[in-house]
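Multiple structures are listed underneath, in structure tokens.
Both complexes below contain chain A, partnered by chain B and then by chain C.
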Partner chain A sequence: MHQEPRDNQLNVEPLRAQEVREQWKLLSLASPALLVIVAIILIPVTWLFYLSFVGGDGQFSLEHYRKMIEYKSYSRTFITTFKVSILTTLICILIGYPLAYFLALLPQRLAGLFMLAVLLPFWTSLLVRTYAWLVLLQRKGILNDFAMQIGLWDSPVKLVHNMTGTLIGMAHIMLPFLVLPLYSAMKKIERDMMHAASNLGASPTYAFWKVYFPLSLSGLVAGSLIVFVLCLGFYVTPAVLGGGRVVMVSTQITAILENQFNWGAASALGVVLLLATLLILYLASRLFKLDAVLFGKD
Partner chain B sequence: MYALDDVDLEVFSGEFLTLLGPSGSGKTTLLMAIAGFNRPDSGSIRFGDTEMILTPPHKRDVGMVFQSYALFPHMTVAENIGFPLKLRKVNSAETAERVTEALATVQLTGLGDRKIDQLSGGQRQRVALARAFVFRPRILLMDEPLSALDKKLREQMQIELKQLHRQLGVTTVYVTHDQREALTMSDRIAIINHGKLAQVDTPQAIYNRPSNSFVADFIGESTILPLTLDTQERLLFEEQLVLDHLPEAFSKDNSRDWSLVVRPERISLNADSQRSENDCLVFRGEVKEFVYQGETALALVKVGKDYDISVRLGTNAASSQTMMKPGDEVNLSLSRDDVIVIPQEKTP
Partner chain C sequence: MKQFAKSTLKVPSVLLVAGMTFTAGAALAEPITVVSWGGSYGAAQDAALFNDASKNSGIEITRESGASMSKTCLQVESGAVTWDLVVTGSGGAASAAAKGCLEKIDYSVVDVSDFYDNLYTDYCVGSDVFATVMSWNTDKYGEPGSPGAPQSWADFWDVEKFPGTRAYRANNVDGALEPALMADGVPADQVYEVLSTEEGMKRAINKIRELKPHIAVFWDSGAMQAQLMKDGEVDMSTGWNGRFDNAKKDGAKVGYTFDQALLDYDCFAMPKGAPNKDVAMKFLAEVSKPEYQANLPFHITYGPTNKKAYELTTAPKELIESLPSHPNNVPKMLPVSLDWYAKNRTKALELYMELLSE
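Moving on to the complex of A and B:
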């Protein structure tokens, strides 16, 4: 065989140039999306941040943040926001976990059908769904009529324009956000896992808590976080179904802007909400190894 | 049409029994029924004299190695193996001791703290095995446990599993579709086809005395040739070779048609004429194809009107003189002791 002299530099330059070209091409493909993110997220958020530190006299001041600590209404708003978000998330977990479990056990075709039932409301307008709940839950609404007819209660119960109505509406709207990641995590659990557990002597209950639940936990955490974070900034449903009695941060921001036209105060609220959300995501990531949860790393 | 029908099988205490069959034959269904993962429409599964058919899987005390291993990814190796012990309320000192012992048995000493995803395929296989026998189950089930391993490792594990079985003495039911694996490992093989038992016997008996054409064809290589019955009730091949050494079944039922099963390696080509025709059946044939395959060579020989018989030949220096080419005329001889006669499959 003919022996070529070994050349470590053979085609080094063009190969290197090709790699660089490909990386630039990739970057250019991603650039429209990156530009949009910068234009509609980074710049406005920075602007908000800046506004929150500008006082009524146009000078740098911390007055908006000071007011937030001084006035009770602000802290009440934050407490309400977190209460609604936590309760909604809990309701979604209680309803969503068994639902996702049921879907994961069904044969593919049936599961698709049921999933459609979960997703169909998801694809209709948020506003329509919220007002639909208003119709269902009001004093002389279908639910009250029905409950009184079958004798569940005697006089109409206040189901809307309060915390109850807000939670019912929010839980309904948020449910798919919990079920979808949970279902996909459950689908990845091999059937043999539960067989193995029971084969080794685990009762169905023990096998569920020691094997199935830990393996579905990543999906549950991902879904719960999505629901919780979405709830924190939610506006339409609490505004309509809360009837002014459930004041969330988003509701208060609108009020401040509409009544006082105070951009600084509104911005400060937004900034605090954003920071609180980031803090929660950070804590959750320390607790649950979020990388694995959100990016599917094993 | 049932997945399993009329299956009556007894597994002896301490034996290694293999359920062998093509995919979809029902062998895994039978294994799952023993473990309790599926519910038969009717039937009886007894461990000793105890009826188990209504017992839920977690109370059956059966160890199982799954095809996918089904190791718990959120637990370490030691936690996986300790899982059945914890459920049996074994105290932690004894659990640790038995886990260490089980790890040593499967040659994984020192890997107890590893996570499952830090193990190679072969190591996972061993952990699954250790977890299945550590609690001393009444019976050990294995569902194609070696199918995910590469050929070399698989053959090594076959020997190891056999040794382990001898060491533990646990009654084992093993499922595979690989006939070589079944022949290598088993005390007895139960061949399943279309949900029915085709034959249950030792590897030697199954290979040397298949009782029907499915078994003859499924185990090893074989050429199946039709036989005819003459007026004296003798079996003939191509109206010239008279066969004796007939199976017992033949005398009972000579109204059926019969076939001759020829194993490729049991035929010799151009054997010395010293061996008398009393000991051997001798055919004339013409070589159609000759292929060299390394450890053996394969000759396809045309015999009689239009039957092709495969013949395997050794490839050592002496026999390589017998290299032949298409068109060569040859003598095929088959020892009468190697004659296999089976009832012909009724064509529906």
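Moving on to the complex of A and C:
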């Protein structure tokens, strides 16, 4: 009995050496990918930082950042961007969690069929789906026509070219990004855990919140983060369904580039959005164990 | 073995032919790259201008789509210019010229003696004239010119007399402030004077803010203007006359007026350091001739910039009279001031974005 820990102790050195060797091997295997990442992500982002500090006269300047404080439109577009991202994520959670739960409960073959329903729109062009929503939701669109015919409402309801339309479209497009990681986390939860809980006297609701939900949380956090971060930089859907009333950071970057050719100002917006995103990821990592969520570590 | 000999023989002959065409091409000129916009606009230019001008001048062209002054400036700034002639709005050309992205037009090569005075600048040559007009749903407010139909920007703003929704420009201030001032009672010829101060710009912005609750959609392309009117999504919209004519051809219930409209033009500009500057200048001289412009109205209802095109065209009278640059229509409109845009565009755009983000 007392010898076992000593045996383990003895193995520590060779085991550690092996681990280090393995890590180097993995790193060298990953090096081409890392090089690509440096080339296509780090260098352009550094360039972006540099551009944001170059003024109209080509000298170092903080004018782009000063402008972002001076004009309220910049802070407003940031607020709109975060509002759209947060609301979209919440809607996705509200719809996606029950959906993933339902899928995880189904037998494999049926689950595959329903999963197809989630994935099929995912494989359809983003533009097509966005314009499809426009056709459905507009003033003389299918939904308004139908609702007025059956007497749900008398005059057309404004469903698109505003925040409502943007959120409907965004939630539809983002849903698979939440459902997929959530579903895979739920599939890993042993059914027996729930049985054990009820065996010990927990009601189904109590067992769900005490056992199932915490175990599915890693998938939920991963999915929500992916959705949230994707929303931050989203362009097409808010531009089309927002009708110019939902001005996101991406919209403003386009406006600045297309109409002012001002790379510095556009870069400054990009830099602030990037930093805000990193800050949120950092805060999230303090709240949740992101390592566990994103890299599957314990 | 035989086959091998055959194939080795073939290679040099192919090289030879390739070499010959290459040297022959270089001796004449390599094709110049002409960049326009997609859709019916570019197609109309191909049919009316580019194809015939290329054939008659012997200058070979490569046609590309996706013209944009920001891409032009990017090419110039990065020292990798591949475009020779680029289509642009007049305001875009003025901004790009101010940033030093454009080559000066050589007017000893390009003949503009028959052009309208304000349709060419040092850096761009007008290709067609269009108008930013107010359009409306004719089922709702009546055919243009009929009693009770909207006539002025004041009517566009009058949601009591003309109840309904409006559409206005998104993310770009070009042509957005002038209508607001006219609706506020400023005579057309004083609009740019009033706009030259910050108070004047704010006056226009406040007027748009007044209408904003009724602006259901902000459009950001010509295609969107047409679509909004076609779908009946809004009852009145600002926009470009040619787009509304196309929508009408497609069955949209849409009409517009040239009264108080903004007279503007598209033009050809040359990126600074264009690879085939001299040949491109000659091609620009060719497409600017009236005989090509005379064909343009058949393909899109934008008017010629060369006065002589009106004498040469075989287009029917009604079509000619419906063009924005027709002498009957020009006096009704306010010509867009490029000077004002060159000086104030950046400031005006900041103020307008401020309003849009509210």
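The rule is short, and it goes like this: the second predicted complex is superposed on the first by the 265 of 298 C-alpha atoms of A that agree within 3 Å, B and C clash if a C-alpha of one lies under 4 Å from a C-alpha of the other, contacts with A are read in each partner's own complex, and residues count from 1 in each chain.
Here is the rule we go by: a contact is a pair of C-beta atoms (placed from the backbone, for glycine too) under 8 Å apart; a residue touches a chain by one contact, two chains touch by 3 or more.
Being a predicted model, the structure only gives us computed values, none of them experimental.
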item	value
Three-chain arrangement built on chain A, chain B and chain C clash or fit	fit
First, second, both or neither for A:T46, with chain B first and chain C second	neither
Chain C versus chain B, contacts on chain A by residue	C
Chain B versus chain C as contact partner of A:K72, first or second or both or neither	second
Partner chain in contact with A:Q23 - chain B first, chain C second, else both or neither	neither
Touching partner for A:T80 - first (chain B), second (chain C), both, neither	second
Touched partner set for A:P214, first chain B, second chain C, both or neither	first
After superposition on chain A, the shortest CA separation from chain B to chain C (Å)	45
Chain B/chain C common contact set on chain A	none
Residues on chain A engaged by chain B in the complex (per definition of touch)	190, 192-193, 195-204, 206-207, 210-211, 214-215, 298
Complex contacts: residues of chain C adjacent to chain A	68-70, 73-74, 95-96, 99, 101, 165, 170-174, 216-220, 231-233, 345-346, 349-350, 353-354, 356-358
Contacting residues of chain B [partner chain A, same complex]	35-37, 56-64, 66-68, 70-74, 83-84, 87-88, 117, 131, 135
Interfacial residue positions of chain A with respect to chain C in the complex	67, 71-73, 76-77, 80, 138-140, 158, 161, 239, 243-245, 247, 251-252, 254-255, 257-263
